[in-house]
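Here it is, the structure, as structure tokens.
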Amino acid sequence: MRVKCLFFATYRDVAGAAELELELPENSTVSALVRHLRAQFATSALPTSPVVAVNQVYASLDTVLGDGDEVAFIPPVAGG
Amino acid sequence: MRVKCLFFATYRDVAGAAELELELPENSTVSALVRHLRAQFATSALPTSPVVAVNQVYASLDTVLGDGDEVAFIPPVAGG
Amino acid sequence: MFCLITADPIDPSQLARQVRRDADGAVILFTGVVRDHHAGRAVEALEYQAYEEMAVAVLRQICEEVRATHDVGDIAVAHRVGELAIGEVSVAIAVAAPHRDAAYSASREIIERLKREVPIWKRERYSDGGAEWLGGHD
Amino acid sequence: MFCLITADPIDPSQLARQVRRDADGAVILFTGVVRDHHAGRAVEALEYQAYEEMAVAVLRQICEEVRATHDVGDIAVAHRVGELAIGEVSVAIAVAAPHRDAAYSASREIIERLKREVPIWKRERYSDGGAEWLGGHD
């Protein structure tokens, strides 16, 4: 299945891109995706337990992903 | 000596005027002025202990008045 | 600092603009507006009366005391007098500050003190024909 | 209710005007402005980045929850994205209510929750040449 990853602020600098499409095994969790990305970027700048949103709703790391899901990686917010 | 009395809101209705110049004995207090006015208006609608300002500063009833003073009678305020 | 009692319509956004300095990160603008009801009665219009010279002096003192006790920048206050229709601005208070905390609490303190201390009076004209001077702050 | 993330300049007074209804006696307008310093460093400009679709959704949810728990009327919120100079408006929140108490506390709750929950980020560019994404709300 394919998922779309979105990166913001410091995470965007780490990923070197605002958006990334990835092929993942069926029923992968957010945790598995995080491990995949940390290996791919070869960096610890993406934490092992980042805040994420799945399809624009804050979600836990054990959330099971589906095909076409949009997973956003959310560094500490600082609006206002 | 002469003092100028100012009336606002309900007190203006009681006094029938916004302003009134009065001749008072030297060294009259605000209390004496209040008694004078209650007798003159023949009304209890002006309380015996109204809030007053002398020369635009809140003042007590035992304040001694001087020639040319401006005494304002201040019903409960309701700005905003 | 700017304190005004005026018979002309108030433009709150102008007060908000005039208080901001480059060191400020927050501006709180409180606008009091004539509403169409009070204590269950339909209101048609309001009349405000002020002891103008003293009202300005008391307002200035309140603003100075608030500036001395809060970390705020500039403050502007305007209060309307005369006849006001529903929806017209009766009072506007603009407070600028480096941080929002001080701006909120200063704004709140100014409007509370204004209602208790500034010699201004309000007469409500009701849809049922009556009219009344209000007896104190709400 | 009106929640907007925009790259265009924000006009706070328009938000304040649009929320008022005839039942409202108070309008609180909070304006966040780019200030010229942060934590002792001179700031030259700010960049805001947002996860726009989600930011609007979270803002809407905050406003709906605040309306459910406070006696307020309409609410309007706008947050800017992109490059902002000193003095430019980053965020504006307008809350109208029959009484000022509810307007103040609703306004305060919205800005506090916005800073904690809405996916927006801020990068400060300093006069000494550096630049930094800020790590959390202040």
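When the chains are written out, they are named A, B, C and D in that same order, and each has its own residue count from 1.
Definition applied: contacts are C-beta pairs under 8 Å (C-beta built on N, C-alpha and C of every residue); 3 or more make two chains touch, one makes a residue touch a chain.
Fair warning: this is a prediction, and the values are worked out from it, not measured in the lab.
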item	value
Smallest count of steps, each to a touching chain, taking chain B to chain D	2
Whole-Å gap separating chain A and chain B, where each centre is the average of the chain's CA atoms	75
Distance from the mean Cα position of chain C to that of chain B, given in whole angstrom	27
Chain A and chain C: spacing of chain centres that average the CA atoms, whole Å	49
Centroid distance [mean C-alpha coordinates] between chain D and chain C, Å	23
Numbers and ranges of chain C residues touching at least 2 other chains	32, 111
Residue numbers of chain A (touch at least two other chains)	none
Listing of all chain pairs that touch each other, if any do	A-D, B-C, C-D
Chain C - residues contacting chain B, complex	32, 48-51, 53-55, 57, 79, 90-91, 111, 114-123, 133-138
Chain C contact footprint on chain B (complex, rising order)	6, 8-10, 12, 53, 56-57, 72, 74-80
Touch list for chain D against partner chain C, complex	12-13, 16, 20, 22-37, 86-87, 98, 100, 104, 107-108, 111
